[in-house]
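Presented sequentially are two complexes of subunit A, the first with subunit B as partner and the second with subunit C.
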Partner chain A sequence: MSRRTRLAFFGVAVAALAVTLGVGLAGLPSFGSQITAYAGMLNELAQRQRHVTDVVSAITFDYRGIDTLFEEFILLSAVAGISVLLRPLSDETRKLPEDKAPDRSIPPPSPAVWLLAVFLGSLLVLTGIETVTHGQLTPGGGFQGGVILASALYVVYLGTNYVTVERFEPAPLLEASDGTGASGYVFIGLLGLLAGASFLSNVVGLGTAGTLISGGTIPLLNLVVGLEVAGGFAILASEFLDQTAVIRTRQR
Partner chain B sequence: MSEAVIAVALVWAAVSGTAVVLTRDPLRQAFVAGFFGLGLAFLYLSLQAGDVALSQIVVGAIAVPLIVLLSLAKVRKDRE
Partner chain C sequence: MSALAYGVVAWLFLIGIYGVVTSRNLIHLVVCLSVAQSATDILLLAIGYRSGGHAPVFVSLPAHPGPAVDAVMQALALTDVVVGAAVTGLLLALAVQVHKRAGTLDPDALRATRD
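This part shows the complex of A and B:
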């Protein structure tokens, strides 16, 4: 295709995009204008109906819980896809690099780095658990908390080395966490059917708004999502780390 | 007051977003992208979207840098 034809195609595409985008943008409500009726209604009703103080949680895990179910499975398939993609291929081997100077030992990380890793790692685990369990009360929830939990693994790697971090990421446990989390969402949804209501209805006792045990199925769903995301992101981290640290092209 | 904060956040996101595109070295780009992510998180927070801001922070500070930096390390190691 010559440069002139390409430019012509580009011109047509840009013009079409500009027109449709322009029409779309012109129809948007102005910046900072009144929120929609649906949003206003949820702000009004969510706390009374679902006993939660974070309305966003009520929307993502209850009113629109089915959307989050699909997002869970998008993440699950993404993680599965990455595991398949990053496996050792037939012309690659999986082994630790050879020690070319066995008479010299690798200096251990300085005590300051080690201390920081211990401190930061435990702090991250604590923050992760806090974020997962307080989803119905404050901003945050299963997804955010799950990623924070998985990030504790990176800190272990930064503070030590590959051999140590491998002990912290047993593949069966991470995969079980990922799978249990994803299926747990479905099972909690089935509770609704068992109770004679529709799938994913909030059938568990709602508790007192503003306390840790409130919101019925919302904190339970946050918990399973946290489990899935923490496992998924830990798998992601270990797959990428393996690629960098131990997977090599086979020497011919 | 809140308009000023939102304006700062919007300008920050626009400027750093452009900077990400204009940075050509992938390693430096990862750092600039982190700064862009921080701007986005600040923008969401200034618009009172706390949940989205938290998601942006965990993705921008943990997931993306990890994938980018480890991929760069892998590519460089293979070239040696």
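This part shows the complex of A and C:
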């Protein structure tokens, strides 16, 4: 199909889509006028029922916890899929970069860059842990905190070099973190069955609202999701880095 | 206000799709898809907004009186972001392999390559 035919097809399709979209959007309640009765109820009830102050976390990990279970598995399968796609292919080999000019040493990163990396890296780890553990209190949680934790790896790479990063990302540990996080969610769900309630019901003591230990299973689920997301995104970072640094076409 | 909020949604979605259709680079195509996908985030948040509302986080409430916005839509937007990141990652990995096999990232040039 030539470029022009494709654009013509697109023009017809997008006109139909724009009309449908316009009719659909026009049928929505006007912006800022109301929220659904369900959401209003949850805003009222979640604090008393689950002893949390962040209702979004209560919905993600409790009221609609089963959705999040599948969401977590989508992420796990995506990470697995990317690992499979980016493996060394039949005509490729893994080879660490070697020093071709040993008589000239690689200049170390400038102290300013190194200091910034140390400062930013520790700040990212701290913020990540804070975000994961306070999911039931303030905006945040396992998904957000996990991504912040994994991004510390990029800072280490920017501040040092590839060989140092290799030491910071032991693959078995990252994979274990990813897998433990995903299965941990299921195990915490099974606690509900063990207690004689339904799967993923909040059966752990709820604690005092507004303190670190509150919300029953919600902070626990945040922790396992944080583990999974941090491990998964760190795996992604190392897979994409490997593509440029160690995976190369085999010499024939 | 309604027209602006939903207009942005429609514009982002359509311009994203336009970018996907006319793209000459697979990385650019993935970014265009992310633009189209971000329209759904804005749609969810726009549906859940309430005039003068505060975030559905009930810490230090006296400082922020008034109604809270829809927490369900925010939870759905979170799901949307996560799935979007998963899709983007997979597509970028595919783009890396396409570039290795075909030596190009132009979708139009890919038709000629057979491997």
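One rule holds in what follows: the second predicted complex is superposed on the first by the 235 of 252 C-alpha atoms of A that agree within 3 Å, B and C clash if a C-alpha of one lies under 4 Å from a C-alpha of the other, contacts with A are read in each partner's own complex, and residues count from 1 in each chain.
As a convention for this text, contacts are C-beta pairs under 8 Å (C-beta built on N, C-alpha and C of every residue); 3 or more make two chains touch, one makes a residue touch a chain.
This one's a predicted model, so the numbers in the text were calculated from it and none came from an experiment.
Asker: Is A:81 touching anything from subunit B or subunit C once the two structures are fitted on A? First, second, both or neither.
Answerer: In the superposition, A:81 touches subunit C alone.
Asker: Residues of subunit A touched by subunit B versus by subunit C: which partner has the larger set?
Answerer: Answer, by number of touched residues of subunit A: C.
Asker: Tell me which partner A:16 touches in the superposition: subunit B (first), subunit C (second), both or neither.
Answerer: neither
Asker: Determine, under the contact definition given at the top, whether A:131 touches first (subunit B), second (subunit C), both, or neither.
Answerer: A:131 contacts subunit B only, not subunit C.
Asker: In the superposed arrangement, which partner chain does A:139 touch: subunit B (first), subunit C (second), both, or neither?
Answerer: Both partners, subunit B and subunit C.
Asker: After superposition on the shared chain, which partner residues are touched by A:195: those of subunit B (first), subunit C (second), both, or neither?
Answerer: neither
Asker: Once chain A of both complexes is superposed, is A:210 in touch with subunit B (first), subunit C (second), both, or neither?
Answerer: In the superposition, A:210 touches subunit C alone.
Asker: Give one of first, second, both or neither to describe whether A:56 is in contact with subunit B, with subunit C, with both, or with none.
Answerer: Both partners, subunit B and subunit C.
Asker: May I ask you to decide whether A:71 touches subunit B, subunit C, both, or neither, giving the answer as first, second, both or neither?
Answerer: A:71 sits against subunit C, while subunit B stays out of touch.
Asker: Have a look at where A:47 lands relative to subunit B and subunit C in the superposition and call it first, second, both or neither.
Answerer: second
Asker: Identify the overlap between the subunit B-contacting and the subunit C-contacting residues of subunit A.
Answerer: In subunit A, residues 54, 56, 60, 138-139, 143, 236, 240, 243 are touched by subunit B and also by subunit C.
Asker: Would you tell me which residues of subunit A are touching subunit C in their complex?
Answerer: 3, 6-7, 10, 14, 17-18, 21-22, 25-26, 28-36, 38-39, 42-43, 46-47, 53-56, 58-60, 64, 67-68, 71, 74-75, 77-79, 81-82, 85-86, 89, 137-139, 143, 210, 236, 239-240, 243
Asker: Mind listing the subunit C positions that touch subunit A in their complex?
Answerer: Result: residues 1-2, 4-6, 9-10, 13-14, 17-18, 21-22, 46-51, 53, 55-59, 67-75, 78-79, 81-83, 85-87, 89-90, 92-94, 96-97, 100, 108 of subunit C touch subunit A.
Asker: Taking the touch rule as given, give the residues of subunit B at its contact with subunit A in the complex, in rising order.
Answerer: Subunit B reaches subunit A through residues 50-51, 53-55, 57-59, 62-63, 66-67, 70-71, 73-74, 77-78.
Asker: Could you please specify the touching residues of subunit A with respect to subunit B in the complex?
Answerer: 54, 56-57, 60, 131, 138-141, 143-144, 147-148, 150-151, 154, 233, 236-237, 240-241, 243-244, 249
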